[in-house]
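Each of the two complexes below includes subunit A, the first together with subunit B, the second together with subunit C.
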Partner chain A sequence: MRAWYHARTVGQKQAVWAWIFLALPLFFFIAIRLFPTGYTTYVSLTDWNLLRPKNFIGAANYLRLWNDPIFWQVFWNTFKYLLIGMPISLVLSFLVAYYLDQVRFLQGTIRALYFIPFLTTAAAMAWVWRWFYQPVPIGIFNLILVDLGFSQQPFLRSTSQALGSILAPAIWAGLGFQVVIFLAGLRAIPETYYEAARIDGVGRWTILKEITLPLLRPTILFLVVVSSIGFLRIFDKVYNMTVDGKGGPLNTTRPLVLNIYQLAFTDYRMGYAAAQTMVLFLVLLAVTVVQLRALRTK
Partner chain B sequence: MIFGFDPSRDPRKILIWTLVALGGLVMIMPFAFMISTSLKGRGEVYDLRLVPLAPTLENYTYLFRETKFVRWFLNSFSIASISTISVLFFDSLAGYVLCKYRFKGRQVVFVAILSTLMIPTEMLVIPWYVMSKNMGWLDTYWGIMFPGMITGFGVFLMKQFFETVPDALIDAARIDGLGEFRIFWEVALPLVTPALSALAIFTFLGSWTAFLWPLIVTNSSSNYTVPVGLASFSGEFSTEWNMIMTGAAVATIPTLVVFILLQKYIIRGVILSGVKG
Partner chain C sequence: MASVSLSGIVKRFDRTVVVHGIDLDIADGEFVVLVGPSGCGKSTTLRMIAGLEDLTAGQIRIGERVVDRLEPKDRNIAMVFQNYAIYPHMTVRKNIAFGLRMAKLPKPEEDRRVREAAEILGLVDLLERRPSQLSGGQRQRVAIGRAMVRNPAVFLFDEPLSNLDAQLRAQMRLEIKKLHQTLGTTVVYVTHDQVEAMTLADRIVVMRDGRIEQVGAPTELYRRPASMFVARFIGSPSMNMIPGVIAEGVGAVGLDGVGTVSGLGELENASAGRRVFLGVRPDDLRVATEAGGGPLSLEARVGVIEPLGPETLVYAEVGGRELVAKADGRISLRRGDVVRLVADVDELHVFDAETEVVLRR
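For the complex of A and B:
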């Protein structure tokens, strides 16, 4: 063995070491990521429920979800989280970053205040917000409303308000990350651009529209994708803010991931759950591909 | 003055500063209410003032004595620590090899690892569950940990950072007769400590806050992690909000401490991995 090794060229020796070092990570990625991806794809074509052997049933699970009103409700809920949450969080975080960038005094400290919610345990913060939404005399939001002379709101108990009530902490938690990335993007714009514009007497609004926003395009695209993926995968907050983690009332807050969780690990309908994870995967893949396309065109 | 303005004389700047700072204070109000309520006795819960009239640690004493929070805390801490050590070692080793070695198949391996970044956890939990069931890993530490022992993100991050280590340095070490592993361990690795610290913080926090997989794989309450334990505990204590806030505070305070101590590294890490990745 040793004689064989010493007879190798430098390049061959390197290859030997490369494969030795990579062996375990590579085994891990194949066994824990790549093989399971194929396995889920296969399970999605079976009627497996953990109790009896799998039967191959072709596209039956996909046909079933196509005709399943709960699936469509859940699918639409998931997109509501995305379509409302993503624009609001991007506009808010851009506004904060844009103005914070102009501030010098205690800038780092203020940035930290915005960033802290991003790092904390989502499950814990969901309970804090759930408490905020309680009726008088427990919940602070209703106390404030009543103090100001408005009527109490049902928030999490209402089919029309619950989704927005869960979205608020989701936006709150992700805001700081976006502010930090936007700030970094803003600082990467050379000061000379602004100086030139100022010498030309260009107004603040025009500078924002003609210089800042176009130059931030890669940053904005990156954040659109990251926050879209975050909202499409929402789970912890809904699980902890709805009664028994069911995504109620009447499934109005239930997102795709929660539906998959319930199907797979409460009802053990593995085949049907797997088919729904495939849908989630394809949606996430589409979002990423669109980003790569958009980045390439510029 | 920077950019030629004097903050004491520019009313626009003062207004901006005030609004941005107020927004920042609003952002941390949930933490303030959480901690303040965790220090309030049963009688004071409905009093929403921020500074408790009679601060007490009785909620914490109760939580530590009568519930399994201490156990959950130790579970989460051990799992996060072991995962972090494993991720640091294997991700940097794989990143180093993919960056510094030239061999047939390198590109294929890199693309394979990179492609795993596209696969969401949600798609993998069913096979992981089946695997754990067959191997007897359900409801064990290893069952909670195994999916996160090596991460594609970390391999990618470390590969990027090893680009900053000059090849000449590695070649010199090789000529000096240093073994391949010792070149990695003693020459290259010390030069990428900023990346390692960022990766360590993210891995630890990611493991500490993880919810979906621990919820699926644990069964008996003594194996819960903090977030899963908190969810089940809060469901039971559903009306005792001071206890729930105490539990939430116990789950959150470690992340706040980590942030306050390592703020600089965390923000820098977010920017490096966010903007470049």
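For the complex of A and C:
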């Protein structure tokens, strides 16, 4: 062994060491990511319910899914979280970062204040917000509304307002992270770009549109992908803010992940849950690939 | 085109005064170089002319106008930055035309100006490229092009060649000088490189700690430095400084442990016993192999020899002190040889050791 090692070239020795160090993460990647993915694919083609042995039933789970109105509702809910949540959170965090970047006074403190929600336990935060949404005299939002002379709102108990009410804390919690990333992106743009523009007499709006945003492209790309994946996988807020964690009322807030969870661990329909998991996986893959393509720099 | 006039300009950042009241008049069409070590306030001065920094006190005029309260865009200036400040996501054409678009020129006029600048700078074939596809020198040319198309009254250069390698720097230096001769626009140019200052300037302004040390034509600064600082800063290798003391009698200086130099003529407010430095440039210090007289004639032991081709730098020890002399490139010397270092009286400078001011003009 020793002799074999000493006979290798420097390049080969480096490769040996690289593989030794890569072995552990590679093992975890295969055992915890790759294998379950393959196993899920297999389970999705069976009628497994934990008790009886797995019977191969072909694409039956996928056919059922295609004809299941709840699946389609849940599928659409998931995209609502993405299509509303992602743009709003990006615009908000950019605005905060853009103005915060120009503030010198207490900048660190303000940045920390935005970041704290990101560090807070999601479940605890969801429950506090659930509290905020309660009717008078408990919920602070309704108290404010009534004080201002408006009527009380049902929030989480309304089929039309519940999804938005859950999105609000979700956006709020992720804002700090996005602000910090945007700030880093803004800092990376050399000051002389702005000075050159000032000498040329370029207006603020043009500077933003023609210099800042194009140069922030990699930052924006990163945040769009990360935040899209985050919203597509939303679970904890919905689970903690709806009655019995069911994504109600009437499934109007139930996202795909929660549906999979309910199918698998309340109803024990493992095969069907696995089939929906595969759909989620393909959606995440597609969204990521499309966004990487669309925003790739030429 | 315009003259630039600074009167009593001061810049303070919080408690630190960076520029202490500078007065300077730059004539129309003149090429003035501000030079000095880092932190001497040269860049800050330039940025105040540009309007990127506010003045703490004083006044700046460009042409007949007082501009201290004007935005940079209203000062009729253009600036070239050290890191070029050209936008990586725009083509060369867009970069050059970017400032013009804000001026709302008609499109044909815009195209004509971009074309003209590109021709002068040799960028015609590169107009559709992006900065990442250009070399450092080409990028700097784009930055200059962007400044040119605006037809400014004054060009401001902030260490434009510092990011280039030595060969390219020499080449761009020449191009900038040619450009100035073609356009005839007033230029204020900041650098820490004395070679750049010497080669480019009509007039050099040597700065130190926020004050002007000396203003003058390159040869004047080289031949008649007003202080030890300027004497050391201009010229390479630096001027040799030999400590000494003013001796009795007219124009004589006793050098510490090496002997006496006489025939220096009248020294300004010099009283016998005053500590001084005798300065002599390596170029003026000749290596003589035989013993000979002269106002300055020192016996020296050769240490390190640096052949440069046409000439050779000889580092020699004189009375425990190392002096540098420039000798002919064909001289054959070896470490340990004993030689004489000789200089004419016209090439000797005498500085007050305390005030560092020149005593002999």
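Convention: the second predicted complex is superposed on the first by the 263 of 298 C-alpha atoms of A that agree within 3 Å, B and C clash if a C-alpha of one lies under 4 Å from a C-alpha of the other, contacts with A are read in each partner's own complex, and residues count from 1 in each chain.
Going forward, a contact is a pair of C-beta atoms (placed from the backbone, for glycine too) under 8 Å apart; a residue touches a chain by one contact, two chains touch by 3 or more.
Note that the structure is predicted; figures quoted are calculated from it, not measured.
**Q** Should the superposition on subunit A be reported as showing a clash between subunit B and subunit C, or a fit?
**A** Aligned on subunit A, subunit C fits beside subunit B.
**Q** What is the value, to the nearest 10 degrees, of the angle subtended at the Cα centroid of subunit A by the Cα centroids of subunit B and subunit C?
**A** 80
**Q** More residues of subunit A in touch with subunit C or with subunit B?
**A** Of subunit B and subunit C, B contacts more residues of subunit A.
**Q** Should A:Trp4 be classified as contacting the first partner (subunit B), the second (subunit C), both, or neither?
**A** Neither partner.
**Q** Looking at the superposed set of three chains, what is the minimum CA distance between subunit B and subunit C in Å?
**A** Superposed on chain A, the two chains' closest C-alpha atoms are separated by 5 Å.
**Q** State the interface residues of subunit C toward subunit A in the complex, per the touch definition above.
**A** 50-52, 71-74, 77-79, 81-83, 85, 87-89, 98-99, 102-103, 146, 150
**Q** Which residues of subunit A touch subunit B in the complex?
**A** These residues of subunit A touch subunit B: 11, 14-15, 17-19, 21-22, 24-26, 28-30, 32-37, 39-40, 43, 96, 99-100, 102-106, 108-117, 119-125, 127-129, 131-132, 134, 137-138, 140, 143, 169, 172, 175-177, 180-181, 184-185, 219, 222, 226, 233, 235-236, 239-240, 244-245, 257, 260-261, 264-265, 270, 273-274, 277-278, 280-281, 284-285, 288.
**Q** If we count contacts the way the header does, which residues on subunit B are in touch with subunit A in the complex?
**A** 2, 7, 13, 16-17, 19-21, 23-25, 27-28, 30-31, 33-34, 37, 45-46, 48, 90-91, 93-94, 96-98, 101-104, 106, 109, 112-113, 115-116, 118-120, 122-131, 146-147, 149-150, 152, 155, 180-181, 184, 205, 208-209, 211-212, 215-216, 226-228, 230-231, 234-235, 241, 244-245, 247-249, 251-252, 255-256, 258-259, 263, 266-267, 270-271, 274-275
**Q** Could you list, by residue number, the parts of subunit A that touch subunit C in their complex?
**A** 190, 192-193, 195-203, 206, 210-211, 214-215, 217
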